[in-house]
Structure formats: structure tokens, C-alpha cells
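Next come two complexes built around chain A: one with chain B, the other with chain C.
On to the complex of A and B.
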């Protein structure tokens, strides 16, 4: 456990002090504050506008933080060969991978907390409730979605040979992750069996990131914010993370450097 | 004398990068080698001879395609064995936003060095590699030579029984050469085994007990330094003679 924490701390420090990520955080804060200006356009629904824009910015910047943080890691590991020094130390490869995962999601968490604080402040300035439970739950699930994506990113990093290929795979998964549920609905009635099988395969293999997207349903009257539903989505997230990391560890264990 | 490195018939063929699986590269072929405990063993060779591949096979970073490899009586896949080895890669790189002390703390954490002695241990190692005054400096402030010293510091942090050095003089200035050489000789005095790759023959001559020449994926010759010097007059003549096929 100590070795996992040592790796996590190292990855976190390394990412969090990186100038590119610092600039990203500043942009993220500006984006959240920009919602103040945007809200002027919606005269009767300013708070809703602020929340919607803030939540959108949080998710996008959390995703970008993940991409940048991991790009830095993978670049150093593959191009600058930092991994070789670590792999000959008394640490299991799975411990390294899990530590890396924890370091990356902690980096995203820090960015997300800063942005959440700004969004809450902006909501308060506009006369809304900064402790709105639906808004905070939505942020929590956005983070959960990023944690799922981070586990997939770790898995992809074990099979990608270059940084650009990894980035392309990840963007592809991110897009598909939000689209599979719609794809499934599209082919439900009309398409042939072969297409249905392909879509089903994608649906079950690619993480269903749309499940974690509660921000678009803040005003829905359905059971989206019911504890039972939230627990189910949380369970799905944990399961997906565990399976992805287990597969990543298995592949990484066989890897040569 | 006990052997800490034993290699029997090791061959490493890299997987093909092309689609048709044709362009396979044999990096080392049928290598037999042993290194005894307490020895300083120098592996010489031209660029691309297979030295780094052999070192990676020994360290478990690459799996041999065939043959047997044993270090410290076991395999580098074993964590307990890895806790007893040190490794300095050629041109080591460390994250530029971390401080020297933080890099060392990271490795100390992986080695499981207890918190109560960690600080003292790190300070003493940084003192040995002449980096103690830079412990609070960021890695990005270090010169190439200083980064090399930091690489050496992490390699000896666990007081290894077996130390692998891949081109340890790379990027160092003449003073750095001397200091690295002194560290190697001090470790040797303490009974440690050192395996290193280099093509700086003058340095090899000053520290090694035995030398091997690797050429075109094969070990062409293994001799004690004294024998090599006696037969050929200088290490350079010995080396050139072998790679040009005159010995």
C-alpha cells in the first residue's frame, strides 16, 4: 500500500506542478466565471444558466485535465523512458499502475474542487442555492464518470505504443461513451441483426459515460436523482473501474521495456 | 566464488514492427556470461552491439527469447531480488517540476525505507554524489551532469548488492568522471558487484576486474583486465582488435 501511495503522490505532484495544467486550471476558473456574463442573456433563468454552463465547464475541464495529466505521464514513460527506472525497483507492476491511477484522479479532483468552488460562488452571486443537492450530485457523478474514463485511459495506455495513438483512442472512447446509449436506441427497431450485435458489443464494452451525465437532467422529474438509481450507477462505475484496471494490470505485467 | 549473474545461451529477438512479421531483429544471440560476487565487470561494445539489451534482459525489463538468466540466485521478476539491485540508465530523466529531495523520497518510498531514517539516508546518499547542496533545487535547475548524479543517487539508495550502470559517464564532466569512478571503487571495496556498459575505455581500465566485448549481438571475448592488458598492451588495442576481427 505504501508503494502505491508513493507512486500516487509522485504522479500528483508531478502533474499538479506542471505549467500546462496550471494554465488549464486558470482557464477553467475563467470559464466558470464566464457563466456570469452568459447568464445575462437568460434574464428569467439566470441561475439555471449559470449552473448549466458551470457544470458543462467542470466536465470538459475535468476531461482535459485527465488527458493532459496522462499525456505528460505517458510521454515521460515512453519517450523519456522513466518507466525503466521504476520497473527495476521492488514494486509490482500492478502497484505502479494503481498508484498512477490514484495520482491522476487526485489531480483531476483538485481541479474539479477549485472549479466547483467557483461555480458555487457564481451561483450564490446570482441568488441561487450554492448547496443545491442536484447540482452537487451532478458534479460528483461527473467526477465518477472521469474516474471510469481514467481507468479506461490506463487500460488504453498499456496497449498504445505512442502518445498520439493513445490520445486518439481516448477521444474515441469519450465520444462513443456518450453516444452508445443513443446508438442502441437508434438501431433498436430498424437495423439488421449484424448491426445490432455490433452496437450491443460497443454498448457493453465501451464505458457508458452518459449514465454519469446528470447535469442535463437537473430539471427532470424522473427518478434520476433517486438514491436507488444513483447507487446503481455508482456500482456500475466501480465495477467498470475494477475490470478496466485488472485488465490493464494483466497486460502491463507482460509488457517489455 | 559465488556467481551473482549467470547467463546461459540467452537470445533476444525483438518482435517485428512490420505487418508481415518479417523484420525481426536479433539483439543478442546465444550469450553465455557469468559475473562473480564482488567483481566490477565492464561490458564494452559499439553502439547497437546489444549491450543495453543484455542489461535489460538481466534486469527483467525484457524477456529472453531463449536461454536462462539468473541474478543474485533468482530472477529479476522477484521483488525481493529487485530490492537488492540498483540501476542507472543511460541519460536518466526525472520530472522537472520535482525537487531533488522529492525524487529521492519517491524512490525511498518504493524501496520501503522507513520514515524515521529516510531523511538521513537521503542526505547521506546526496552527500556521496555531491548533490547535498542541491537537495531543495528543482530537477529543471540541474545540469545534465547533475541529473546523472541524481540518477546514480537513486541507483545506490538501497545500498544494492548488485549495481547495473548503463553508460554511467554519459553527460559527465571530467570531475564527474572522477567522482563516479570513486563511488564505483568505494562500492567495490565494500564487496558490491558492479556490471556496467561503457565505451569510455579509459574509465573501464581504471575500475574493472574483468571485461567482455560484445559485437554484432555476440559476446566475442571475456578476459580479466590484467590478461587483456598483458596480451594487447592497452584496452583500446584489445577492443579494436576484437571488433575488427583481428583477435
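On to the complex of A and C.
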């Protein structure tokens, strides 16, 4: 456990040592504050607009932080060969991967907390409730979705050979993850069995990120924020992370360098 | 021993994957039960690429917000006034197609269409669309009543409904101006002036605050107030 935490700490510090990531965090804070300017245009719907734009900025910058911090890690491991130095140390490959995962999601969490504080401040300035339970729940589930995506990213990093291919795969998973529910709905009445099988495969293998997307249901009069649904999605998220990381560890153990 | 360990791991992974699939299925089913039919993409919904892209990445409200700002700019643009804001209903439909539970867009849009542009049928159609997507949001039925009374010219019943509407914290500011204009015809200058003072103090809309101040100045300047000192004191 100590070895895993040591790797996580190293990855976390390494991410913040990198200037590009810091610039991204500054941009993220500015984006959240930019919602103040946007809301000036939104006569009588300022609070809604500040929340919508803030939640959008939080998720998109959390995703970009994940992509950037992992790109830096993978680049250093493969191009600068830092992985070789780590492999000769008394640490299991699986411990390294799990530590890396924890380091990355802690980096994203730091960014997310800073942005959440800014969004709450902006909402307060606009006369809204900064402790709105729906808003905070949707931020929590956005983070959960990013954690699931990070586990997928770790798995993809073990199978992809270059950094650009890994980035392309991840963007593809992000878009497809939001679409799986809709794709399943679209092919529901389709006669093509092959198409249905392909969509089913995508639906079960790709992370279903739409389940974590509560930010576009803040005004919903339905019971999307009910504990039963939230617990089910939380359980799904945890299981997806466990399965992805276990598969990643399995592949990484077999990999020859 | 290693083979045994690996086999156990393999089976554990498969079991976890199976449970995960079941949970995914159950959560999606919950989503389908909770969310209305419009939530999911279908062959008949979402007429433009912007909406499909917004749905794909889960940013539907952001698209509705952009459409809302466009609608406000169109409504405030003098060029739009020249053609009587013909595209107003189209703008409102674009907003509510992107986010059908943006309830303020229905009340705000319908109030503008009915009370400012006097296009009652369009106002009724947008309110009815709101009711069909948000059946439990009872305020829409209330606004529908006000629009129908306004269409029929039943000022008494309309005034009663608008006074009730003022009690909701999320009423559109156009209601405040509309009620004030009715008071100017049906009530004494003192009562009307007191109403404008109240609106000046409580409205959240800067434009309405400016409008109420102008109306107050106009009433005071006309010299029709019986007790001007009361109004001036309350200012």
C-alpha cells in the first residue's frame, strides 16, 4: 500500500511540476468566471446560465486535465524511458499502475475542487444558492465519470503504442460513452441483428458516461436525483474502475519492454 | 499455484464484468423510466446537428442557454421589431427543443408573445408545449389561464391571475410591467404609484426598475396624485 501511495504522490507532484497543467488550471478558473460575463446577457435567467456554464467548464476542464496529465506520464514513460527506471525498483507492475491511477485522479480532483469553489462563488454573486444539492451532486457524479474514464485511459495506455493513438482512443471513448444510451434507443426498432449486436457490445464495454451526466437534468421535474438511481450508478462506476484496472494490470504484467 | 491464481482472477473478473453489465442495464432502465421520451435521440427528434452534438456530449442546457441569449438579442434588436418579431416562436421552439424542461423560457416567451406582441395563439402553443413536457409544473397552466383571459379581454380575471403570478419568485418581469399598465387604466393614480414603488424596490430586472421609475416620474409630473407626500416618503 505504501508503494502505491508513493507512486501516486510522485505522479501528483509530477503533474503539478508541469507548467502546462498549471496554465490549464488558470484557464479553467477563468472559464468559470467567464460565466459571469455570459450571465450578463441572460436577462432573468442569470443563475441558471452561471450554473450551466460552470458545470460545463468543470467537466470539460476535468477531462482535459486527465488527458494532459496522462499524456505527460505516457510521454515520459515511453519516450524518455522513465518506466525502465521504475521497473528495476522493488515495486510490482500492478502497484505502479494503481498508484498512477490514484495520482491522476487526485490531480483531477484538485483542479475540480478549485473550479467548484469558483463556480460556487459566482453562483453566490448572482444571488443563487451555492450549496444547491443538485448542483453539488452533479459535480460529484461528473468527477465519478472522470474517474471511470481515467480507469479506461489507464487500460488504453497499456494497449496503445503511441501517445497520439492513445489520445484519439480516449476522445473516441468520451464521445461514445455519452452516446451509448442513445444508440441503443435508436437501434431498438431496427431489424438488423448485426447492428444490434455491435451496439450492444459498445453499450456493455464502453463506459456508459451518460449515467453520470446529471448536469443536463438540473431542471428536470423527474426523480433523477433519487438515492436508488444514484447508488446504482455509483456501484456501476466502482465496478467499472475495478474491472478496467484489473484488466490493465493483467495486460501490463504480460507486457515485454 | 500461479495457474490457479490466474484462473481465479479470470473468473472473478468475469463475474465483476457480468455484475457491472447488469448494473448498467438497470441504471439505464431507471433513466428511461425517470426521463421523458424526448430525452433519448430518435429518428424523429432533434432536427439539427447542434442539438445532436449537444446531446452526444451531455451539454443540452448550454445549447438552450445560447439559444436563449440569441432570442433576447433578436427581441431587443430594432431590426427584429420592423418585421414584428416574426421569428420569435421559432426562437422559443429552438430553446425548448434543446432543453424541454427550461420552464422559464416557456413563461417568459409566452408572456412576451401574448402581452407585448399580442400574438395569443403562438403564446398558447408555446405554453401548451411546456405543459406537455412538464405536466407537473402547474405554473404553466396558471400562465395559460392569464393568456386566455387577456385574449378574451377579461381584464378583471386577468388582473387577478397576474397579481397571483407576482407572488411566485420566478415570475418573468414582463408580468410586473403588464400589471402596472393595467393598473394605470383601472386604478387610482395613488394606488398605481404605490405599485410602481413596490416594483422599483423588489424587481430583479434592471429594465423593469428603470421602467417603474419612469412611470413614477410621469405620474408625479402629471399632478394627479391625491397624497403625493405618501408616495414621496415611501421612495
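Quick note on the criterion: the second predicted complex is superposed on the first by the 256 of 257 C-alpha atoms of A that agree within 3 Å, B and C clash if a C-alpha of one lies under 4 Å from a C-alpha of the other, contacts with A are read in each partner's own complex, and residues count from 1 in each chain.
Note that in this section a residue touches a chain if its C-beta (ideal position, glycine included) is under 8 Å from a C-beta of that chain, and two chains touch if they have at least 3 such contacts.
Just so it is clear, the model here is predicted, and its values are computed rather than measured.
Of the two partner chains, neither chain B nor chain C is touched by A:77.
When the two complexes are overlaid on their common chain A, residue A:232 makes contact with chain C while staying clear of chain B.
Set against each other, chain B and chain C differ in how many residues of chain A they touch, and the higher count belongs to C. Contact with chain C, but none with chain B, is seen for A:44 once the two complexes are overlaid on the shared chain. Of the two partner chains placed around the shared chain by superposition, chain C is the only one that A:208 touches, whereas chain B remains out of contact. Once chain A of one complex is fitted onto chain A of the other, the partner contacts of A:250 are limited to chain C, with no touch recorded for chain B. Touch criterion met: A:216 reaches chain C, while chain B stays clear of it. Listing the residues of chain C that touch chain A in their complex gives 9, 13, 16-17, 19-21, 23-24, 26-28, 30-31, 34-36, 40-43, 55-62, 65, 68-69, 72-73, 99, 101-105, 108, 134, 136-137, 172-173, 204-205, 207.
Taken in their complex, chain B has these residues touching chain A: 56, 59-63, 76, 79-80, 82-83, 85, 87, 89, 92-95, 97-98, 102, 106-107, 109-112, 151, 154, 164.
Chain contact summary for the complex, chain A toward chain C: residues 38, 41-45, 48-49, 52-53, 56, 59, 127, 174-175, 178-179, 181-182, 184-186, 203-204, 208-211, 213, 215-224, 226, 228-229, 232-233, 235-236, 239-240, 242-243, 246-247, 250. For chain A in complex with chain B, the touching residues are 2-3, 5-7, 9-10, 13-14, 17-18, 76, 80-82, 84-92, 256-257.
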